[in-house]
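Before I ask anything, let me first share the structure, which is written out below as structure tokens.
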Amino acid sequence: MVEGRAEVKRKAGLRLWLSAGWLGALVLVALLAPLLAPNDPLAQDLFAGRLPPFWVSGADAAYPLGTDSLGRCVLSRIIFGSRLALTVALTAGVITCIIGAGLGLLAGFWRGWVDVVVSRFIDIWMAFPPVLFSILLIAVIGPGVFSIILAIVVIDWTRFARVVRAEAMAQGAMDYVASARVAGRGRMGIMLREVLPNVLPIVLVLLTLEMGIAVIVEAILSFVNLSISTDDPTWGGMISEGRSSIHQAWWVLVFPLVTLFLTVLSFSQLGEGLKDRFDPVLR
Amino acid sequence: MTYLSVRDLTVRLKDGPALLRSVSLDVAAGEVRGLVGESGAGKSMIGKAILGILPRAVEVVSGQIVLDGVDLLTLPPAERRVRVGATCALIPQDPLTALNPSRRIGPQMTDRLVDILGWSRANAAARVQDLLAEVQIVDPARVLRQYPHELSGGMRQRILIASAFAAEPRLIVADEPTTALDVTVQKQILKLIAGMQARHGTALLFVTHDLGVVSKVCQSLSVLYAGKVVEDAAVRAFFAGPKHPYSAALLAATPKYTDPDAGLQPVPADVIAAVRAEVGHG
Amino acid sequence: MGLLRTILLRLLTTAITLFGVAVIVFFVIRVVPGNPIAMMLPPGATDEDIARLTALYGLDKSIPAQFWIWGAGVLQGDFGTSITARQPVLAMVLARLPATLELSVLALLIAVLVGGAAALTGTRLRQTKVEGGIDIAGGMALSVPDFLWGLLLILAFGVLMPIFHISGRVTPSLDLPFVTNFYLVESLIRLRLDLTLDLLSHMLLPALSLAIPLAAIIAQLLKQSLKETMHLDYVTLARTHGYSEARVIWREALPNALLPTLTLVGVQFTFLIGGTVIIERLFSYEGLGNMAIDAVINRDLPLIQGIVILFAVIFTGVNLVVDLMYAALNPRLRHG
């Protein structure tokens, strides 16, 4: 061992706090968006198009991070964009988690025909290119926040189902389940009271990771112009615009990209940090 | 003539307790020395230190391992590796895990002859085939083309023994070579090792916890307790009357050498306490 | 269990999975609320137009009947006609397939080389700072998906240091002598290395974006597997033969460590192929994924169906090949 346990723990703790800090700040920003944003995120000013960020010459102090080609304030759009990103992360993450983990728990603990059906569905789902499937869904049901959330739930429930099924199977084979059964407790009771609490830590880790994925999926859908109306501020939409004007106005791409990057990184680091926390070896 | 001489070897877990404390033992050319002790006494650790395969978590603190007049611990790693590879060999404990499952028997046996000793492929193949015949394997040519999982445990141990003798080593470390085997197979394998050793005149360091095995194959023995050699004797003298109280207790605990009706005698607690105090352990 | 039985069993489950995919794609498009025909037509189309188009696509029949007609067509290689391009879907899709395959395989190659090298180096220098560095880099590579890596690469090598192309598959002004759509392969066969270089300079960044997360997974899995293998008795025995550490890792440990890694890498490779959809869009690379997004934006449902099914065929095909490779490489199965 190069590092002692204390050292590993300290680093994991730091990672956890940094990620939680960024995400916490982001939640505040989303809640207080109207107060924090220096400009109306939708206001266009064609005379103030493609203004650079404040430290570059030619900048306008009213637009700290510059403007896009339509003269919209980049900072304000990032701030308002966090609302959609976090809404999608939270709702899509939680709904996916409940459906996926529920099916996984049933399949893994109940076995029998439930397991056969759920496993077959997981196999079929694994044969879909996820991004393509989500785009297809949205093409059919039409864009909008609801569509994004539905697409994420429909695609990603297998992520939870697979892991929770395996975990519930492992737990189901343990002695404490057998002794609960000998004590005459009902299967549903055992599943909810005994197995579920033991599966919960890993579900929590998956949920955190899933929120990061949801943020990315939302960005991707906005990037290909399929999330919500193109005027509304979304990180993916800003990135899409920045990508096309990359040689004229790099800031339109860089700032939303950095925000997205840090957010996705934070969710995944938070998930990994929680995983270590729950790992009995390190505890 | 002494071929291997271990002098004051001290080995410990990195930042942990000592596993071997100032161990010394000699093996003369062609001699068979038993290395006896209970599990955890450090007997396998000595063999590993000699062959240079100590786990990464373990380090040599001090001492010498003199092989044919050269202290291995002073050599650069690459040179040491090749020297040991060319002159020493290991007969491992568990034949089921000691052969590479994804490679055929033939190349597993001939590689070292070709790559380390520079033999030609043909010579190596012929040599290995002869050796398999010598360890009484029927149809050696066929076995050389097979994978380990196609062979029984006894067969695999024979192959490992043949493989150990392949490069005509001067010293072989046998690390409890019969422990993992069936009682019925144990005897044959023991006889086989003894026979091979006699024919090839190889020095043998026989690591075991079984004094019965020592009485059958060894000429001398070292008794190890808690990482320390507590007795070093010729086999005949040892079984006539061990000098150290722990050795005596160990001998008494081995059923064959006491009255069979008396049953097993555990090593008495006062002896353990005395030895512990002597070796400075716990 | 014989190799043949394994193969037959896998072919059967593959067929079932593909059937499931076909059913789901079909019903998602037809049953989910929203009228696809109305979406296909420009605003202002009359009810008459809608009725005509509905009849043309057989959408006036019952849904099982529609599935029967469509399924029978698919089995004969008839995936229908693209609405925007008015060409057979199968021909359009097959024309784009080579571009996506070349990109995916190039990415896989990079991932295997980089990930494999990292795993071997990390094992050779285990418990040193180098191994720690490899672990940290791998953790970073894994926490960020291919889409973001693509954007970062565009910034780094398209804007800051413009040394690679960031859009397209090949420089349009070049005269292309190719008869197939496997440009990269054909340029190599024809020894037109100037074209190979131009293609690679277009493909490198998208391939890298796809490869980075996979390389990290390969490094992680293979290193873990090697670590476990390095403790086994036959590796210890091989050490006493005088072999160098590198040879012990390469010849003794690696072949056995590869097997458990292989299956997982197979699954991850399908994720990589799925990732081409957005990466091709990001780099304006003319492959299947890019075409899929265009099809979605244009509401070209027959084309979308065809592409999704082709992707599903590739996915299940990769899984099948991996399973068969596993069986073929495992001596226990081969001779059992």
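When the chains are written out, they are named A, B and C in that same order, and each has its own residue count from 1.
Just so we're on the same page, a residue touches a chain if its C-beta (ideal position, glycine included) is under 8 Å from a C-beta of that chain, and two chains touch if they have at least 3 such contacts.
Please read these numbers as outputs of a predicted model, since none were measured by experiment.
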Mutual neighbours - chains that touch chain B and chain C alike: none
Contact pairs, highest-scoring chain pair: A-C
Averaged-CA centre spacing for the pair chain C and chain B, given as whole angstrom: 52
Separation of chain A from chain B, taking each centre as the mean of its C-alpha atoms, in whole Å: 57
Euclidean distance of C-alpha centroids - chain A vs chain C, Å: 23
Residue numbers of chain C (touch at least two other chains): 127
Contact set on chain B toward chain C in their complex: 51-53, 56, 78, 81-86, 88-90, 92-94, 97-103, 111-112, 115-116, 147, 149-150, 160
Residues of chain C touching chain B in the complex: 126-127, 232-234, 236-244, 247, 251-252, 255-256, 259, 331-332, 335-336
Sites on chain A touched by chain C in the complex: 1-2, 120-121, 123-124, 126-133, 135-142, 212-213, 216, 219-220, 223-226, 239, 243, 246-247, 250, 253-254, 257, 260-261, 264-265, 268-269, 272
Touching residues on chain C, where the partner in the complex is chain A: 13, 16-18, 20-21, 24-25, 28-29, 32-34, 36, 127-129, 131-132, 139, 142-145, 147-148, 151-152, 154-155, 158-159, 166, 267, 270-271, 273-275, 277-278, 281-282, 289, 292-293, 296-297, 299, 304, 307-308, 311-312, 315-316, 319
